[in-house]
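What follows is a pair of complexes built around chain A, which joins chain B in one and chain C in the other.
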Partner chain A sequence: MTAAFVAGAEMPLKRRLKRAERARQFRALGLVAPLLLFLMFTFVVPIAGMIWRSVDDWEVPQVMPHTVAALSSWNGQGLPGETAYAALAGDLQAARAAGTIGIAAKRLNYVVNGFRTVLTSTARNLKTAPEPGTAKDTLIGINPAWGEHATWTAIKSASGPVTSYYLLAAVDLTRDADGAIVASPDDQAIYLDLFGRTFAIGLGVTTLCLVLGFPVAYLLANLPTAQSNLLMIFVLLPFWTSLLVRTCAWIVILQSEGIVNGSLQWLGLIDEPLRLIYNRFGVYMAMTHVLLPFMILPLYSVMRSISPAYMRAAASLGAPPATAFFRIYLPQTIPGIGAGCLLVFILAIGYYITPALVGGAADQMISAFIAFYTTETVNWGLASALGAVLLLSTLVLAAVYGKLALGRQNTGGLKN
Partner chain B sequence: MSANHSPRTLSQRAAWTATLVAATLVFVFLMAPILAIVPLSFSSGAYLTYPLPGLSLRWYEDFLSSPRWMLSLKNSAIIGVASAVLSMILGTLAALGMVQWKSKWKPLILAVVLSPMVVPVVITAVGVYFFFAPLGLTGNFLGLILVHTALATPFVFITVSATLQGFDMTLARAAASLGAPPLLTFRKVILPLILPGLASGALFAFATSFDEVVTVLFLAGPDQRTLPREMFSGIRENISPTITAVAVVLTVISIGLLTVIELLRRRNEKLKGNMA
Partner chain C sequence: MDGGMIATTQALVRFVGVQKTYDGEHLVVKSLDLDIRKGEFLTLLGPSGSGKTTCLMMLAGFEVPTQGEIFLADRPIKNMPPHKRDIGMVFQNYALFPHLTIEENVAFPLSVRGVPKAELKDRVSKALQMIKLEHVANRHPGQLSGGQQQRVALARALVFNPALVLMDEPLGALDKRLREHMQLEIKRLHETMGITVVYVTHDQGEALTMSDRIAVFNDGVVQQIDRPDALYERPVNSFVANFIGESNVLSGTVQNIEQGYCQVALDGGGSVLALAVNVTAGGRTSLSVRPERVAIATADDVDPAFNRLPATLKDLIYLGDHTLAVLATPGNDEFMVKLPAGAYAGLSQGQDVTIAFRPDDCRALDPV
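Then we have the complex of A and B:
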């Protein structure tokens, strides 16, 4: 009787608990959902859209749909047939009437330099639709380029729906007339240099931050709490000061009539002002200053957790201080060094404002080019492709950072 | 672990002295911009050089009487407060959900939530610019507030999560066992205890928005130019002493925010200490 009663009650209780737990999980998900939806709309989808733009080949299919359709059956050998020429003539006339010729011309000009002129002049000279069967001769008569194989492979290569053109261009590669991947011509092959420069500046800034940050973190970690809290202000205050304020201040300090040059001249150490800003030196100074706290804080939190007993043990076993430091202390700071370096490097390679303001033309990093192609020359495909490469590098490094930070139970101090 | 450094030997003392000297130099480097710019803003001359010809408040007057600077201050405040409120709500709810949620997808969701902090801002700005332009969200406040909220929410999320990690969930269970419905438990038990974390999260969010310039460069029209945006063009063209005055005002605001956040952090730590 009792046993039956207990068994009868136990089942619903178990189920009730399960159901309560499920409801709890559901409610938890409901709390996270608003942020996820919000980030979808303001962050994830926009960035996915940007990546899509780096392969999206919409211009030629939109402006010249009949030509694209006619070329889909062309095998790429010799010249296409009369149908393709007729379709092209029709598309050009329609595009000229709609005023969209420039869109396709811009896209095709990326493939063959000078294509813009071919397309616009042909459209201009094509007064009336050619008689049936004469489209080929008419078009070649207007511009002999239409009798060249390369012209048509260019159109075919830009016929969409997706293209590898921008992504290849972002790493200094292109396709030749046969579609094989080859190196870009020298005057267009600037992006590998750009990535190299971006990573070199990132590496330089990271090294400087480590060299400058290490003694500070060590000092803060080994001082009594009251004193280190006080000195921490010197790290946190610049950290909290507006990026633009600090950049502006560095210009004031380093410019040719600035404080540094003024003092050096006053001391008679130099006759001419040194060039300290609008060059690589200025970029290193300002960026190291901005990113230094991101190195000090994780280093500090790791060093803080290293027990002094280890060093004492090493000393008591007869290790000289230098040996004890390199063999005992330094290895224990590796997680902090790793986290700090990764964090600084990740932030450095994405920098835009500081190099834009304190660097010269030869110091601009990848972000500046992404902004330039977006707002100035409106080459959104290339801007997106460069962005995609930068994003990939960042995410890979961030994943490594995440692994490191997770392994250390999130002690790597971000702003909290 | 305090005062663990008691140099005994000569070489230890030398190493400690070297550390002190190196660290002092770095502190000077860190403080140099602030130390250099504050006196200049009080100069009576129009050139940014030392020695100062005399002291005056004319550049502060210039700032306060310029409609352009005042508009940008107002814009920054509007966008900053709106994004702080929005990201505080979204970030806090998500942090509350994430502590209770158990799933194998959690690391992925966490990565998405934190990613606005990692992705280079220029990429966010370009992506949002492409996406928002056809929706009519460029050249107005709404678009900027939405983006700044996205950029600021990770900071709120981290701050509130850190507070919740020290939060004793048995208190919430106790409230529930005494018959309080979830919303009442939240209002009467959870909220008062995590309020300092919430407040510092909101301040972080405000500071993030208040200092952000890249997305503003892409999305703002002439009527939404913020303080950092005006500073950006000012630095590009020609640094006038007015900019140094603005810089000092901004620095004072930062110091204020930092102080409040630090006080909140200490209070929170004390609370945690009492509960443990």
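Then we have the complex of A and C:
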């Protein structure tokens, strides 16, 4: 009797629980909904848009739709048939009338240098539509390039709807006329070096921040509250001024007639000003300064939670101070070191203003090129591809960190 | 205070005129002279803020005496850093290194001493056997229960065979049952290994159970240092009498002192003969009488040598192994008497009775 009652009561109870839970979940969702929407429009959508732009190949299909349609049946061997030439002639005339020829010309010029001239001169010289059946000869007559296989493979490769061109270019690769992936020509292969430089600067800044920030964080975590609060204000002070102001302050301090050089010369230590700015030194200096709090704060929060009893225990067990530090204290700060380094490195590799202001031409980082492609040459595809590669490397780093952090947790956690 | 009577050769640790102040105004430890004998289990007992932990920290080397000197095996150690003292220590919250396994934790003192690998392995496994925790050798401290962590902390402090082991309220975080079990386990380890233990606690029951001697601290001064039974039976002042065990207090004035006994006129009326411990003739005194040393008499069948006082039975509290009688007597409205099981027959609340105790069980101490 009792068993039956319990079994019968089980379902309604579960359902009741679910209903109660659902109300709670809806309330929770309601509370985070504004932020979720905000993130959706300010974070997810722009990033998705950026990633899409790095593969989107819209120019040629939009400007020359008939040519693209005609080329879809071309097998890529030899030259395409008369229909393709006729479609091209029609597209060029329409584009010239609409003034959109530059869009396609720009895209095709990425693939074959000089394509812009071919396209614009052909459009200009094509006064009237060629007689049916004579399109091929007419076009080749205007510009012999139309009789070359490479010209047509270039158009076909840019026919969309998606392309790997930008992403390949972002890592110094390209496709040859046969579609095989090969290294970019030397004069275009600059991005791997650029990524290398970006990561090197990021790594250097991270190391400097760790070396400078670790002792400060230790002091913060171990001083009496009143003194540590005061010190904390100094650590947080940079956050109260704008990044631009701080960077400009470095220019004032480090320039040839600046405070540092002036003092050194006045002291007679140097005869002529040291070059402290518009080079790698200035970049390291200014970026380390700006990013230091991002290292100190995670370190501090981890160090705060390490009881002084551990160091005492280590000493009482016979460990000299250095041994106790390296074997007992340091390992316990690793979560903080990891979080701080990850934060600083990710922020550093995305830096733009500081290297632009205090660095030389050889110190510009990837963001400067992304900005250059978006604002100067309006090459959104390449800018997006560079951004996507940067995003990918950041994600890989974060994933590796997450994996390591999780691994540590599985060993039983750091707290006892 | 008989601490000074111990011959120096027996003493492993000597505190000589040690003072400690943190703020330069207030002495946390006021002129401490204390000898710790080799092989003994000495407990520093006292309320919080009495200076007992400060003494332990000075001995461990984490605090420096403001004045005085501490000798370990006749060597002054005031300026010796903690890691050179070879003193094992068990901390209040165990302080097991969270990033190391149990095995690595126990191996730590050996590895910093450069013990060869084979010997280290052997000694660690023996230490883990001793605390019966071989099966958790590869776990991390966070995966162990409080009692297990405590045992690991013990093994870690003992594995390098220190001559002296300090324990700073090591059982404070454990529940009562586990605490009692661990008390016996620590006692067993102390006896089998022949080490000297200095143990800090504010739990008098713990101190009485475990110690060879107890030093009672109050206000930066050792009030009395003695064996547990002596401390309980023969407290030298009111603080010790009231801190260790239960004690009934009766205030009065000493009328005369004769052959170690004094006649005391009680404030509430009546006069009793008491053991003169800490009094001067004509001075004020607080008498201390242990509740189990008092009998309740209903008739005049009491030995004439006993002190007798009229009292009214206010309450009888049944506590299983004994019964606690609460009485009102002139000068003390909460006079406790412990009656052995079954000895309360015939008593009822509100009854007028006579309480009786021997002069030897009534100690005249300094006024509270």
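The rule is short, and it goes like this: the second predicted complex is superposed on the first by the 373 of 416 C-alpha atoms of A that agree within 3 Å, B and C clash if a C-alpha of one lies under 4 Å from a C-alpha of the other, contacts with A are read in each partner's own complex, and residues count from 1 in each chain.
We take it that a residue touches a chain if its C-beta (ideal position, glycine included) is under 8 Å from a C-beta of that chain, and two chains touch if they have at least 3 such contacts.
Given the structure is predicted, the values throughout are model-derived calculations rather than measurements.
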Touching partner for A:Val400 - first (chain B), second (chain C), both, neither: neither
First, second, both or neither for A:Ala189, with chain B first and chain C second: neither
First (chain B), second (chain C), both or neither touched by A:Leu212: first
Touching partner for A:Leu39 - first (chain B), second (chain C), both, neither: first
Which superposed partner A:Pro331 touches (first chain B, second chain C, both, neither): second
First (chain B), second (chain C), both or neither touched by A:Leu29: first
First, second, both or neither for A:Thr247, with chain B first and chain C second: first
Touched partner set for A:Ala69, first chain B, second chain C, both or neither: neither
Partner chain in contact with A:Leu173 - chain B first, chain C second, else both or neither: neither
Residue contacts with chain A in the superposition, chain B compared against chain C: B
Chain A positions touched by chain B in one structure and by chain C in the second: 307, 320-321, 414-416
Contact set on chain A toward chain C in their complex: 307, 309-310, 312-321, 323-324, 327-328, 331-332, 411-416
Touching residues on chain A, where the partner in the complex is chain B: 24-25, 27-36, 38-39, 41-50, 53, 212-213, 215-216, 218-220, 222-225, 231, 234-238, 240-253, 255, 257-259, 262, 289, 292-293, 304, 307-308, 320-322, 325, 346, 349-353, 357, 367, 370-371, 374-375, 380, 383-384, 387, 390-391, 394-395, 398, 402, 414-416
Contact set on chain C toward chain A in their complex: 60-62, 81-83, 85-89, 91-99, 108-109, 112-113, 139-144, 149, 156-157, 160, 166
Contact set on chain B toward chain A in their complex: 1-5, 9, 11-12, 15, 18-20, 22-23, 26-27, 29-34, 36-37, 40, 47-50, 89-91, 93-94, 96-103, 109, 111-113, 115-132, 146-147, 149-150, 153, 155, 157-159, 162, 182, 204, 207, 210-211, 213-214, 217-218, 228, 231-232, 235-236, 239, 243-244, 247, 250-251, 254-255, 257-258, 262
